[in-house]
Every structure is written in C-alpha cells, then in structure tokens.
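In the two assemblies presented below, chain A is common to both, partnered first by chain B and then by chain C.
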Partner chain A sequence: MTSGRLFGWLCVAPYLILLVVFGIGPILYALYESLSDPRAYLNATADFRFLPAVGNVSLFMALYLPVMVIGVLLLALFVQDQRPLYGTTLRLVYMLPGAVTGSASVLLWYVMLQPALSPFAPLLSGMGLRTGNDVLKPSHLVVIFALMAFATGFGQWVVIMYGALQGVPQEVLEASRMDGCTWWQTALRIKLPLISKYVVYMVILAFTAGLQIFIEPQLLYGVAFTGSKSWSLNQLGLLFAFDNGDFAAAAALCLMLLAVCAVAACFLVFKAKFFETEVDR
Partner chain B sequence: MTKRHGDRPMTELIGGAWVWRMSVSVVLGLVALACALPLVWLVLAPTKSDAEITGRHPLSFGSLGGYLAAWRNLTTFNDGVIYQWIGNSVLYTGGAVLLSVTTSLLAGYALAATKIAGRRVILLSTLLAMIVPPAALVLPLFLEVNAVQLTGTAWSVILPAGLYPFGVYLAFIYFSTLLPREVLEAARIDGCSEAALFARVALPLGKPLIALLTFFAFIGNWSNYFLPFVMLGDDETFNLPVGLGVLISGSPALNPALGGSDLPIHRPEAAITGVLTVVPVALVFLFAQRHLVRGLLDGAVKN
Partner chain C sequence: MIRLRIPITACLAAALLTACSSSTPAAVGGAITEDRDATLLVWSDPTRLAGFEQFKKTHPNLRMKVETYDGQSLLTKIQLFNRTGKGWPDVVFAGQPNVVSQFAGKLNYAQPLDSLIPQQIRENFGTANAPCEVGGKLYCLRNDLAQTVLWYNKPLMERFGYQLPKTWTDYRALGERVAKEHPGYVIGSAGSFFTYYDYFWSSGCPIQQVTGPDKVHINLKDAKCTRVADVLDPLIKNGSLTKAGLFDPEMAKLGKEGKVLMLPGASWLGDYLFKPKDLFATPDGQIAAAPYPSWEGETTNWSGSAGGGVYLVSRHSKNMKGAAEIIQWMTTDAGYQKSAPTYPAYGPSADAWAKRLATDPFYAADPFPVMREQAAKVNPVQQPTRYDVEGAFTQTVVPAIRSGGTVGTGLDALQTELVNLAKAQGYDVG
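Let's look at the complex of A and B:
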C-alpha cells in the first residue's frame, strides 16, 4: 500500500465507521429484530391501525406531491420574471418557514390555525372556520399536514429550481420567442424539459420525506387531541415499540418504509443517473 | 420592467400583459407575506401577557418587559430546566457539528484526491444514504442503541448525528472541482507528503466549504426533534425542540383543558421557547443565504 492510499484510508475511516455503525448497522439490526418473530411482518400489517395509517399517508402524499411539484415550478418560473432585487427578496423570504421545524412549527401552526389567535383570522373566517375545532377537524388534517410540509420545503426547492432555470441558455429562449411561443409554451415545452432532471430529484426527495411524516401528526395530537397517535406509519412504528413493546413489529414496519425509500433512491442514482458525472469522474 | 424588456414594443407591456405581470408580482408578494407572518407573530408574542395574546390584535406589540416576565415564569418550570435544555442544545449541536464536519471533510477530500480501493462503492453508498431521509432510520437506530444500553446519553444523539453523507458529497464535489489531479500529482512529485498536501493545500482552499458544511450541520442539528425525542427519556437531557414539545403538549400553554393551572406556563412562555429554537436558525439562514444557494446548486444538484 502506498503512503497515499494509507493516508486516504485514514481519512475515510472515521466516516466509514459512522456509516457502518449508524447507517448500515441499524438496518441490519432492524432486520435481525424483525426476523426474531416469524409473525412480525404479519403482526405489523394485520394491526387494526395499519390500514388507516396507510390510507392517511397515501391521501397526504396524493395531495402534497402535486401541490409541491406544481407549486414550486410555478413559483420558480414566476420569480424568474421578477426584477432582480424583488426576486432575491422573495427567494429569501420563501426559505424562512424552512427554519421553523419540529415542535416550533407545530406551536406556530397551532396558533395560525386558531381563529382567536391567528393573524390569518380574516382568511379563516372567510372560509367559514370560526373556532379552533372547526379548523382542526380530523377530516381537515390531510390538508393541514400537506400545507405544513409544503410551507417547510418549498422555499429551498424554489431556490434550486430558480438556479436550474437560470442555466437555460439565452439563445434557446431567444429562438423560442422568435418562433412566437407564448409564456406558457416556453415554460412547458422549453424550460421544463431542460430542467427535468431537477424535477425528478425533487419528486423523489419529496416522496421519501413525505412517506416518513411523523412530527406534525404526533405533536398536533399531543396539543389538540386531533387525529390519533397512529395517524402516520412512523407514528404507528413508535407505538409498536413503546406502547406494545413489540420491537419486532416496529422493526418490520420501519424496514418496509425504508425499502420503499431505498427503491426510490436507487431509481434516482442508477436509473435516472442523476449523479453520474460525479461518480464516474 | 421596461428596462429588462426594452427590446419589446411598448404596446405589449400595456393592457393585458401588464395586468398579468402585476398580478403575478402581487401574488408572489402575498406568498412571501404568508411566510413571514408566523415568525413575526412568534417574536411579538412574548411581549404580551397571555390575556393580551388572545385579546389584542395578533400582530400588536406589548412591551419589552413582557419578555422578562415570560422568561422568569419559564425558569420556574421544573426548577429552571430551560437552562438545561439550552445547555443540552448547545452541547448536542456543537458535538454533532464538530464530528460531522470533521469526518465529512476528511472523507470527501480522500475520495476526491486519493485513489483508494472501493472508492466507487463508498460514493454510491453515500449517495443512497443521502437520499434516504434521516427519519427512516430513527427507530432502527433506537433499537440498535438500546441494545448496547446507550439510550438516554448525550452519545445517543451526537454519534448518530455525526453521520453526514450530504457533507461528504459536498466536500467530494468541492475538492474534485478545485483540486485537479494534475496539481496534486505535481505537488506529490515535488516531494510533498500526503498530510502536508491536505494541511497546506486543501485546508486553506477549503475554508468556504467548511463554512457551508457547518451551516448545514448546524441547521439540521439545532432543530433536530425526532432523534432526541426517541433516544432521550429524562427531561433534564432534552434539547430545546424536545423541551418545547413537552411545554406545548404537557402544560396548559396551548390547551387550557390540560389543567395544571398553577403552572405559570402559558402562550408567552411557549413562544419564548419557540423564539430560542427558531431565531438562531432563521438568523443563520439570512446571513448565509448566498453560500447556501451556491452550495445547494453546486453540491446537491450539480450538472
């Protein structure tokens, strides 16, 4: 081994140890745990709370993903048309809700959704929602969580999409204008196809993150007793582990969620070849 | 607008097109307003008493003394556990940032500058680890850490948070762009040792990268909720976000129905904890915006 390689290995080693112990280790341990009870997967999926949680998360994703993708693309396209100073300010302010995560975001959202407290009260009452209970009805939760997830994430994606759109060559845009393309035609037929890789990246990351939804339903239930302790699949996993003491079922549920994420990640890396240039350098 | 579109006939900017442009600008502004309002409310809330928060306009200002009063009340909660939470947040975030930035910087450099075996495999696993959201690993992590009986300790939060594949990827991109192989080879031929190459060439070049890595690691760890929530059981070990979660779900702060009305923990006290949790991140966001944008573009989605 040359000195270069030895040094290289020494540099990579601490990271590799962390990757093995806290990245691969937990997965292997969960696998071992889930196999310790031959009925773990059955217990997890046959639980009476499993299907409702799948339903909740699916509905949430069905609403959140399209809103996120269409919303971010429209906002990025529109922001690109603004004057530089206004555009920069907008992009900055759009990122602010991303700074509010976890319990702080639940606190803020709870207040924003209480007509008695919220600066958005006129808007809420305009929609016929006069009390906190009107807003936080269980049937509204999917919409609320989708709105929360959108608000937290969209700013960062607008910035990324904006950057990608700025990379579309001027000559191409010039040519499309010569051909008499309208704003929408330019956006749909020229700009979006050119940044499709970024769109795929966003869809997959939003998908894997959305599937794991946990904090919002967990804390909103704790604060307002709306929804349930097993609204989402990750919450149900936690219930299996802590309330039922069934670590095998918890591990099984987690691995199923992880498998879906891993498939999405592999698609991005191998099929969509998103990172190809870097890896093959 | 006329400046940017000066090559277009004026008629195009009058009438329909103008109305369309203006309405788009206004709608974008309204979205921005909706993003800013909750934070404005949060910063204003502790200036008011609990009764004023419900009684007065949501965006009204009380008095600066409100902050002091709310802070005094907050410090009575479980014998000043708030100081513990702040200390823990600093400890966990500091430890995790130090560990994650150091390991990812070293690994990213080695992957970019040396030809170690298994480089491709390490890079691919890093990419996969980057895409799988951290929340997916929290429960398996708990099971693992529980098996070695380390739950409830600071290590159970700091060590797992030290795994920072996104940072490794950023560092790898950074060094492979800025340190061409030829430069490295030339330095090696001149008799420069590997360690000296890293210390004298890579590190000085890597200052902006270190700032960027620290920024992302700080944001992620300061507001981390799920991992400490699962790992830590005793409220003296909580960080600010988990502590805030306890305040808002375990006290009458938001829900008077929870009872325990002798606790002086109400909305102003919860809001001040929220300010402590959110404002550092928001400030870092504002100041590091340029680096952030460039980092996201060069790193995560470089073409």
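Let's look at the complex of A and C:
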C-alpha cells in the first residue's frame, strides 16, 4: 500500500469505526433478532396498526418532500439574488428556526398552535380554528408535522444550496444573460442542472429523515393527546419491542425501513450518477 | 436532519443492548430472600423521593440507594433488564396500577407479597389493593386512591338555586337547565380520555373486565356503556359539557373565569386542578365534593378511578424482606402519609391525612367524608390489563367528541380498537 492510500484510510477511519459500531453492528444484530422468530416479518406487517402507520408516513412524505425541495431551492435562489443587499441577514433569519429542534421545537409548536396561548391566535381564528381541538385534529397532523419538519430543516439546506449556487461560474451566467435568458430560464436551465448533485443529496437525507419521523408524533401525543402512540412506523417499532415485548417484530420493522431508505438512496445515487467526476466524463 | 435519524439507530441499538441473553431469565424459585448486606435499589418518582429519603434516614440498618426515573419508560427498562438478566430495581413506585398486569404476568417481575406483608396491614387497606391482586395473589401495595367524586362550586350552585344530582339522570337534567338558564357554564369535560375514568368506569361498562388468566370481556354495546353515551351526548351538544379535555388550555380558561359549576372527577382534582394558580386558580371557600351520582338501576353510587400509584417488590431482589419493609413503611407510616399529596390508600393513613383537608381554607366544605365514602365504592368491574385504554379512547371516542360527533358513534370504533389491542397483547377476548 502506498503511503498516500494509507493516509486516505487513516482519514476515513474515524467514520468507519463509528459506522461499524453504531450502524453495521446494530443492523447485523437486528437481522439476527428478526430471524429468531420465523413469523417476525409477518407479525410486523400483519399488525392492525401497520397499514395506518404506513398511510400516515406516506401522506407525510408526499407533502413534506416536495415542499422541502421546492421551498429550499426557491429560497436559495432568492437569497442569492438578494446577496448584495440583505443576503447575509436573510441566511441568518432562515437558520434561526433550525436552532430550535427536536423536543423543544415540538413544545414551541404546541404553544403556537393553541389558540388560548398562541400569539397567532387571530390568524388561526381567521382560518376558522378557535380551539386547540380544532387545530390539533388527527386529520391535520400530517400538515402540522410537515410544517414542523420543514421549519426546523430548511434553514441549513438553504445555506448549503446557496453555497452550491455560488459555485456556478460567473461567465456561464453572463453568457446566458447575453443570450437573453429570463430569471426562470437561468434558474431552471443553467443553475439547477449545475447543482443537481446537491439536490439529490438533499432528497436522500430528507427522504430518510421523513420516513423515520418519530419525535413529533410521539411528543405531540404525550402533550396534546392527539394522534396515537403508533402514528408513525418508528413509533410502532417502539411499541412492538416494549409494549408487546416482541423484539423480533420490532427488528423486522426497523430493517424494512432501512431497506426502503437504502433502495431509494441507491436509485437516486445511480440515476444522478452521483459519484461521477469530471475525469470519468 | 441528523437528529431525525436517531430513532432508527436508537431502535437498533436498543436491540443490540439486549443481545446478551435472548431468553427471559427464569424466575427466582419463589423463596423469600433476606440478605441484609445487599444494597436495595429503589426507583421513585420525584414526589415520593422525600418519603424514601426519610425512610433511609430512620432505618440505617438497611442499605439502600434511591433514584428517580422516567415513569414513561418503566416498561421499556424492565423489558431490557429481563433480556440482559440484571439491573432490576428492588423496589419501584409506579404511577399507574395498570403496570401490575405486565409485571405480575408476562414480564415476571413483581414478587407476590402475601407472606411479606402482615395480614393485619393487608386488611386495613380495605378494597384499595384490588388492582394489585392477580390470580389470588397480592403483587403490589397501593400508595394512593384516585376515586372519583362530584366536585362542585358551592356558592355558584346556591346562587343558581340548583340541587346536587343524585343520579346521572338528574345530572343530565341539570345540564339541560344550565344550557338554557346559564349558557357558558359547564358541568363536566368530555374531550379527553378521562371520560373513561369519570363516566364509563363508574357505569361498569365492560372495557377492562378480566374473566380469567389472559381472558377479557370487552363489549361497548352493553347497556352499561350506551347509557353513558345517552347522558353525555345531549350535554355535549348543548354545551354544558365542554369538548375541551381536562388539562387543555381552554379548560384552564373556563376554570379561571369561574365557569366550572361542577366536575365529576378524581379525588386529586381539588388540589391539582382547581387550586393551582396556573390552572383554575379557584378562590378559597368555593369548591366542595359531593357523593358520586348513581346510574339508572344501580343500588350503589359507584366511582371510577383515575390513577393511584403502587409500590412493587422485585422477585429478583436479594433482600425481599427489606424491600417489603420499605413499601410497608411508605404506605402505612402515619407521620409520612399525613402530609401525602393525594388520598392515602391505607385506611389509617387516610384518617391521619384527613386533618390536612379539614383545616384547608381552600375548600368550602371538608371533602374528606365524601372521598372516604367513595373510596370503598370504586366499581370493581375494571381490572388492570396490558392494553392501553387511554390510547384507545384518545384515538376513537375523543376525536369524535372534539370534532362535534357523538360518543355513541365513537363506541364502535372503540370496540374494534380495544379488541385489536387486547389480541395484540395475547388476550383471548370474549
């Protein structure tokens, strides 16, 4: 092995160690656990809470993913346009909601969504929502969770996309302007194709995050008693393991989630030729 | 983004933690242990901590370590200890008597106390320990009772010229009068799972009716269930029962505005809902408790029960006698229990605690006699089960009520949900 290759391995070693200890190891154990009961996969999918949870999570993803991807791209393009004047301020403002994450953000949202407590009560009441019950209806939860996930996640992605957009060569943009491109044409035909790999990266991470939604439904159920303890698939996994004591079914469910994420990620990676470099081309 | 990836890792890591042993460890032969040198691990909630510490100080001959724990994760922790074969606490305080169904059965954690607690003491508990009895054995000692009573605003009732309802039919008639004569005032809350404890439980609706080992009877079509819907539905419609849940911000608003004329509910609502400044903040001298109304055709005015903590001893403990000593002291020591936060389950402790209520200027009349009367009348139909009734209500009847539907139409969905949950927990549902 050349010293250059050795140095490369040294650089990725910390990541590899963590990947084995907290990623691959648990996955192998889950595989072993899920095979300990031949009916584990059947038990997990045949449970009466499985399909409703699949429905909830699918609806959530159908709403959250497009909003996230389109929203982030539009905002990043907008920030870049405003760069000379308030670009920096805007980037900071977008980052702020992301500073309140996890359980704290759920509690913050709970207060915002309770007309008796919220500073936005007049707005909610204008939408015909006068009580906490009106707002936190089970049928509204998908929208609420998508909003929560978007609010906490979009800021950091705007910054990343903004960085990517800054990498688009100035001469290309000038050329497009000379050729008479409108703002939309520049965005769609010039900028987006050049940053497509960053977009794929965002879609992969947003997809896996969305599929594993857990803390929002779990906490909102605990605070407002709306939704259920098995609203999402990850919550259901927890119930299998610790309410029913069925660790095999819980492991099976986790592995199925992992398989969906892995397949989706591979599809996007190969479709977008994610690891192709200019040399390959 | 990273934070949302934690659950799957956590989920897998939890599985990893349990790798060490895949079979539940065999129960310790059933022999009573007494190793005075073993350190007893005690798990407490923050409220009970002072009591355990007081015991520790006055009993230096027992070695113990007291820790607080997250009550929500008790089941999770015991499941994990069962898989690793070690780590169990010797004594646990649990906020919900329902855990007994898990710990005495499948999880094989709770130690029967019949030979550890003297008979005289057990007798003094009266019916309080009923949820602790599984298959004829006693698996826990009850700390406090959450029997329901009829809370009401005394000066307001007098000003309006209303009589206290003796039956639920009277209660319904009162609700209809309130809606006409004093709209905006409420005589109860229906928008939370407390509807189960406050109405369905007292009516004896078969929801957690244990008929044998791993056998339950669930039938929401029973007349004892539909009669509850018949009382609640018209009152929800006319607004005299609020759609807000007991601890919703809207309910606190009603309480602060003095609009709560009456509220059937647990014995702890006086101190923990009406009194606190951030909840109802009711002024002194207004709130009193009346006997619970009785359901049509019943000779007893049954109560429901909303909580009431329990103490358990681990069957893995090296010093069961010492552990039993601790829980016996916690429930029966009058010096400690006289200032307990909620109604003590042990009869003589309750009598000592009564003085605290009698001298409290908050109450318009001493609620203790009513509480004591209702304590012996908790409807025995419901027993601890492994399925989550609160969750089932929250997903079926409660959304129906909150969105303007009726209790009656939510009962079918509740039946399906409860039966599914019970079957998933391995119950034979009849």
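Operating definition for what follows: the second predicted complex is superposed on the first by the 241 of 281 C-alpha atoms of A that agree within 3 Å, B and C clash if a C-alpha of one lies under 4 Å from a C-alpha of the other, contacts with A are read in each partner's own complex, and residues count from 1 in each chain.
Here is the rule we use: a residue touches a chain if its C-beta (ideal position, glycine included) is under 8 Å from a C-beta of that chain, and two chains touch if they have at least 3 such contacts.
None of the values given here were measured: they were computed from a predicted structure.
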If touched residues of chain A are counted for chain B and for chain C, the larger one: B
Contacts of A:I27 with chain B and chain C, given as first, second, both or neither: both
A:R5 touches, of chain B and chain C: first, second, both or neither? first
Which superposed partner A:A116 touches (first chain B, second chain C, both, neither): both
First, second, both or neither for A:M178, with chain B first and chain C second: neither
Which superposed partner A:G245 touches (first chain B, second chain C, both, neither): second
First (chain B), second (chain C), both or neither touched by A:S228: second
First, second, both or neither for A:K197, with chain B first and chain C second: first
Touching partner for A:L85 - first (chain B), second (chain C), both, neither: neither
Partner chain in contact with A:G237 - chain B first, chain C second, else both or neither: both
Overlap of chain C and chain B interfaces on chain A (superposed complexes): 22-23, 25-27, 29-30, 33, 101-102, 116-117, 156, 205, 208-209, 212, 214-215, 222, 225, 234, 237-238, 241, 247, 250-251, 254, 257-258
Residue ranges of chain A touching chain C (in the complex, touch as defined): 22-23, 25-27, 29-30, 33, 36, 47-49, 101-102, 114, 116-117, 131-133, 137-138, 149, 153, 156, 205-206, 208-210, 212-215, 221-222, 225-229, 234, 237-238, 241-245, 247, 250-251, 254, 257-258
Footprint of chain A on chain C - complex, ascending: 1, 3-5, 7-9, 11-16, 18-19, 22, 72, 75-76, 79, 83, 106-107, 191-193, 243-245, 248-250, 252-253, 386, 388, 391, 394-395, 398-399, 402-403, 420, 424-425
Complex interface listing, chain A residues touching chain B: 3-12, 14-16, 18-19, 21-27, 29-30, 33, 75, 78-79, 81-83, 86, 89-104, 106-112, 116-121, 151, 155-156, 159-160, 163-164, 167, 197-198, 201, 204-205, 208-209, 212, 214-215, 219, 222-225, 234, 237-238, 241, 247, 250-251, 254-255, 257-258, 261-262, 264-266, 268-269, 274-275, 277-279, 281
Chain A-touching residues of chain B, taken from the complex the two chains share: 1, 4, 21, 24-25, 27-29, 31-32, 34-42, 45, 53-54, 58-59, 99, 102-104, 106-107, 109-111, 113-117, 120, 122-129, 131-133, 135-137, 139-144, 147, 159-160, 162-165, 168-169, 172-173, 176, 188, 193-195, 198, 219, 223-226, 230, 241-242, 244-245, 248-250, 254-255, 267, 270-271, 274, 277-278, 281-282, 285-286, 289, 292-293, 296-297, 300-303
